[in-house]
Amino acid sequence: MNWTTIFLTQHVGWIDPEMPDKPIGDYIGGVAHHSPLNNVAVWQIEDKHWQQFAITAVAENLRWVAGWAEQANEQFIVNASFEKNGVYMVLRTAINASKPELPSQATVYPAANRSERHTQDMFGIHFIGHPDNRRWTRHQAWDKHQYPLRKDFPVQGEPAEITPPDMHYDFVKGYGAGVYEIPVGPVHAGIIEPGHFRFQAVGELILNLEERLGYVHKGIEKIAEGRTPESLARLAGRISGDTTVGHCWAACMAMEQAAGVEIPSRAAFIRGILAERERIANHLGDMGAICNDVAFTFAQMQFTRLRELWLRTHASVFGHRLLMDVIIPTGVSRDVSEQSCELLKKDSVMLRKELADIMTAIDLNSSLEDRLYTAGYLSPDIAAAFGTVGYVGRASGQNFDVRRDATYPPYDQVTFKVALEDQGDIASRFWVRHKEINASLKLIEQFIQLLPEGEISTPWTTPTIDSEGLGIVDGFRGEIISYVRFDTDNKIARFYPRDPSIVNWPVLEKLVLNNIVPDFPVCNKSLNGSYSGNDL
Amino acid sequence: MNWLIAILQTTLFVALAPLLAGWLKRCKCYLQNRKAPSVLQPYRDLLKLTNKQPVVSEQASWLFIKAPYIIFSATILAASVVPLIAVDLPTSASADVIVMVGFFAFARFFLALAGLDVGTAFGGMGSSREMTISSLAEPAMLMAVFTITMTASTTNLSWAISHVLEQGLVLRPSFVFALFALILVAVAETGRIPVDNPTTHLELTMIHEAMILEYSGRHLALIEWASQLKLMLYGVLIANIFLPWGIAQSFTPQALGYGLLAIIGKLAVLAIILAIAETLVAKMRLFRVQEYLGFAYLLGLLGMLSHIILEASR
Amino acid sequence: MKAGIVPIHVWLPEAHPVAPSHISALMSGVMLKVALYGLIRFCFDLIDKVQWEWGVVLLIIGTVSALGGILYAMMQPNLKRLLAYSSVENIGIIFMVLGLAMIFLDNGHPDLAALGFLAALFHAFNHALFKNLLFLGAGMIQQQTHELNIDMLGGLIKKMPQTSMVFLVGCMSISSLPLFNGFVSEWLAFQTALQVDVLDNGVLRSLIPVSAAALALTAALAAACFVKVFGLTFLGVPRSRHSEKAHEVKDKGMLAATTLLASLCFLVGIFPSVIISLINRVSSQLLAHTLPNESVLSWLWIAPVSHEQASYSPPLVLSGALIAGCVCYWYLRRDPAKAIRIAPTWDCGFGGLTPRMQYTSSAFTMPIRRIFAKAWIIDEQVNKDMQGAMNQDVAAVHYALHIQDHSWPWLYQPLEREVNNLAKQVGRIQTGNIRTYLGYSFVTLLLLLWVIS
Amino acid sequence: MLSLFKKTLTTGIVTEKCKAPKDDELEALGITIKRRIDKKFSGSIAIRAVDAGSCNGCELEIHALNNPFYDIERFGIHFVASPRHADVLLVTGPVSRHMQTALLRTYEATPNPKWVVAVGDCAVCGGEFGQSYACCGAVSNVIPVDVTISGCPPTPLALMKGLLGLLDR
């Protein structure tokens, strides 16, 4: 008996248990045809209980996972997803489009804050009581009263010739003599994605840090509408270039659920290999970058060298250095031959050996240790409060991994250990990555060993209108959620990907607090949030 | 004639500085398992920069535009004081080692002001950090220098070097301490790892680079050149004071030639040592710098005390 | 005490800012020197034989004052208070060198004592020049902007070009940069200290170099401090409406006076021998000893002991600097196609910088504050208004920094308390009753009579 | 300490040879060049990378240029922190509208003469994201482009060839 049953029995008063069976078409006005999220319960509540649910949920230690909305003619459907013990559920409510208002959950869950502001900017839904109703995703590219994700907003929009800079955003102010601001970005000095950081500081002392993201908002949710499944998979692979496998898998998983397609077991295993290889490649890059930020070039060069070797195997086995477009709806596009398997195995052996050498050299280096230990401390409490996922959460004692706790093929057929640290500093995030690399190497070896024979894809069945799917996978940054709903003719009606960065970014503002300004870059790098995945 | 050689030596100093930077880069690249750019690359970079049209912020005042020239000339003057290939040149009499430190202070003063001139947070950050580090480095440096000058009972570098040459190879504990102190200070003052990272791309961690983020074209070239010159200056200072052998004591072409070869050899070896040391450590936290420079100061003090207790004639 | 030596210096930064600028200029330039004059008269003239122990005391007091003065000065955002504290520093330096002179004198090296004496008096003279200049400059700033808080100034170099020029000269002099007068006296001070080898006493031989290093630290901190002063006051973007609207001083006299002082700072820096010969006369009177004429009095060189030991030639250095600077300037500027292009400040592409994004006084000195934290009593408070879920949302940040001089709670407040207590005790006597007062008078009279008899 | 140097020494120099590309080679890699760098400047190129809305894929491959295998620095091509120091702007992404002024300001801040290299399909033609309410499409819609290197993302080799092709040799 999982927690949802208990929860329902205790709080049945205002949650309609019948609702999961009620077709979403009822709200959207299409042909009523039932297609529930097959792995996740959907609870429909009245809008007035929206905040009340959050209060109950937080008391029950539910983790706030994701929030998104969609338009259904005269109504907005607002969703929020929660998780506990690896069991997910989706909370859903419908609100009137003429007066779109909803009590805010951000008053209860800090993690819901930016998500609700995003929804507010994109749909014009007003969250009552929201602690911070400044705009988030909207800068100056569209007007205050335009809402890009509403149906009446054209994809092309009505952009000005030159979009003015977003200068007058109301940053949190620091008061007192001698306080000054450091604006950093959006064009950073390194080869990094764009985003703006605003420090309130006195000299090297950081009083407060505020993130201002949204610079790489590319309208992914809008341009996803009307796409075919293949096309959506391509787009999902480009939500965040470093997590192309993760996002693509999540989107395909959602679409396959919606269409009721079951992928062949071989395809699932290949996907597993892809995902773990992607994880290793990124962790190698990150570990190198962390070392580079503290000017320890030896490690950076060694890690980038290993990463390059790793990517070259990607190119030779899967045809793409970053593994883009290998995962397709219905399976994978490239098979691995016997030879390739041998190559992959050899690669793993090579990496394990090389990594051991490098880590020995690094482990003995006290100057590096001095930079990484105790810096950028994220307490387990804050990590839990923000629902932090992935290596950031796992370095602060958040023992959660989708692959283990809400398992999916092929992870359900193997055993592995989830890396965990509880120091919460940069060193922890560094070592968690190292542990994860080792765990992934083991996983890859198991996948290759267990790789079943068979097809690598199945035929696609066109899903019926309003069929929905929720893909939940573990990308290298952590849990990725992808929501897909189909329109007629195999077209996408709504696509919402939730990158792990969305829940991880806010903790950066917390973990830099007792650090000095020059330590910010390495703190940021240890978190390595995706700007693109956050801004959509 | 002497003046001619002095001017020649200073010119040589200025001309060779980018070469040392190029060689250092090459050593570092080899230690990073990669091929290196040509040792002449710094010259190409400088040449290119002088050919570009400089961009100046609309907030900048005359100080911003003139500062590179001031910084460059002050560094050249410091270079003219230090014997490179020969001792007894008239330029080293016109100013002693304290004045040389004064020239560095002069250059730094204007660099820090230039950092503040455009009114960006980064410039201020760089200035503040630079002035902090230098105010800690300067006493440590003078402590090391005093040890040497007290042994040679002169602050004139040329005389000091002659003195060391006359004494021959004697192992003096005070010199060993002073040498290490000076090396530590040199690393801090020239903005090398572990104090500053000259190749960093992160504005928030920069010290020297943060002040020159706004410079472009020939202005940037001058500042870059001045910092290469400063690096070489410290190298020559260390090499020629502690290992002066080979330096020309007469102005015959042969002696000068040997002097040149000797200093090139010494600097090449120093650069290799620096590259190895830089590979070995990460940049330290900003507020570890006082411990580092405090250690340098302590070494200088130890050198001084060992001179007084162990070596002084009385 | 009049000289403003740590720890009894606190009146100085309180007194100077309240006085009008020309008065504070005089206070710093002249009044402090009166105390110095008294000291010199007392030590070198009145007392027959100077004891070197007195020199050590002066050296230590001077070192502490110099370091303390500049550290306290660094933390001041108020221009005049800062300058006043910097006077404490300079007086400290003078005391140090005077101490050295005494030590040398008592140890049988009157020529070196003369050198120290020369350095001290020269520095006193220089201090009078540049401190006057800076106070007058501060006065001009105050007149034009009604502001003395450097966190409220900025960008004045464009509004007040002449003032900024003379102020820059003052800052460079006080930071003892070569080519300016401050450097010469500081250089002489170092040279004096470096003659320590002639002494026999081991303690002195190690103490003096350490204080010389402290002098180096002081000089470097002074440079940092005046980079802050000039950088925040004159450079960057105006931080307040007052400095935004400032314009150049109209009064020709004001400008002329400061320009004169500035050019004196420069000329004395280039040709120090003029002043040196003046001071030599004094030292020949007091110590019956001067520096050898050929070594310090040539217009081209100063070589305080001998040419082998150290020499400095400001004119040569200046010509070298001019040649080097001009050559590269003309060489690089020859191509008109590469004329400077004016563009907005690089703001990381954000779209605009505001004056709030500039470094402030307390920001600039924050690293120093953290490193030398023991030097002050620092009360730093960060308060945040939190809101939202689990109180994780920051609505506003409040910062308060209060820096206090150690001598207040250690010396003055106890003193003040005692004085207050005493006053209260005394107050009891004042009953207001005429008969009692008559009684007091009577008793006093009796007592006096008794004392006299 | 020894283990560190041992690792360095056993690894050796791994940088691979790379010749300046011929024109047909450039064409095969999908690189078009409209204007080359003058000889006067070609000995040293400072690059400022500007992400104008890319998915980060291109950045990963640009990063790879600095790894010891490609080591672009040996050609005198290096990345700098400020556009003031740059000669070449390496622009990626379909220029999200929120980044448009930032890109323009970066272009304005770069001293003349300057060149712009559009990297990746998005920067070349809009790519997967195209032109929309949130994206301007190709980089050439915003600032003049001198070289385009297509690919999603272009491989480091293509990037290197493209940058070397920009040099007038």
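Chains here go by letter, A, B, C and D, matching the order in which they are written, and residues are numbered from 1 within each.
By our rule, contacts are C-beta pairs under 8 Å (C-beta built on N, C-alpha and C of every residue); 3 or more make two chains touch, one makes a residue touch a chain.
Worth saying up front: this structure is predicted, and the values here are computed from it rather than measured.
S.K.: Contact counts by the stated rule: is the higher one at A-C or B-C?
M.R.: Top pair by contacting C-beta pairs is B-C.
S.K.: Could you give the separation in Å between the centres of chain A and chain C, each centre being the mean of its C-alpha atoms?
M.R.: Computed value for the inter-centroid distance: 58 Å.
S.K.: Could you tell me the distance, in whole angstrom, between the mean C-alpha positions of chain A and chain D?
M.R.: 28
S.K.: Express in whole angstrom the distance between the two chain centres, defined as the mean CA positions of chain B and chain D.
M.R.: Result: the chain centres lie 34 Å from each other.
S.K.: Give the residues of chain B touching no fewer than two other chains, as numbers and ranges.
M.R.: Within chain B, residues 31-34, 51-55, 121, 124-125, 128-129, 200-203, 213-214, 217, 279-280, 286-287 contact more than one other chain.
S.K.: In chain C, which residues are in touch with two or more of the other chains?
M.R.: Counting only residues that touch two or more other chains, chain C contributes 341, 343-344, 346-351, 353, 357-359, 363-367, 370.
S.K.: Send over the residues of chain D in touch with two or more other chains.
M.R.: Residues 1, 4, 8, 11, 14, 50, 68, 79, 81-84, 99, 101-103, 105-106, 109, 111-112 of chain D each touch two or more of the other chains.
S.K.: Counting only chain pairs that touch, give me the topology of the graph as line, ring, star, complete or other.
M.R.: Its topology is that of a complete graph.
S.K.: Once bound in the complex, which stretches of chain C touch chain D?
M.R.: 341, 343-344, 346-351
S.K.: So in the complex, the part of chain A that touches chain B is made up of which residues?
M.R.: Within the complex, chain A touches chain B at residues 180-184, 188-191, 203-204, 291, 293-298, 301-302, 305, 365, 367-368, 370-371, 375, 516-521.
S.K.: Help me check something: in the complex, which residues belonging to chain D touch chain C?
M.R.: It comes out as residues 50, 82-84, 99, 101-103, 105-106, 108-109, 111-112.
S.K.: For a test of understanding, state which residues of chain A touch chain D in their complex under the given definition.
M.R.: So the residues of chain A in touch with chain D come to 139-142, 148, 153-159, 162-166, 186-187, 189-194, 214-220, 222-223, 234-235, 238-242, 244, 285, 298, 301-302, 304-305, 307-308, 311, 315, 321-322, 324, 357-358, 360-361, 364-365, 530-532, 535.
S.K.: Taking the complex as given, what residues does chain C use to touch chain B?
M.R.: On the chain C side, the touching residues are 154-155, 157-158, 168, 172, 175-179, 183, 187, 190-191, 194, 196-197, 200, 202, 205-206, 209-210, 212-214, 216-217, 219-221, 223-224, 227-228, 230-232, 234-237, 307-313, 316-317, 320-321, 324-325, 328-329, 332, 337-348, 353, 355, 357-359, 363-368, 370-371.
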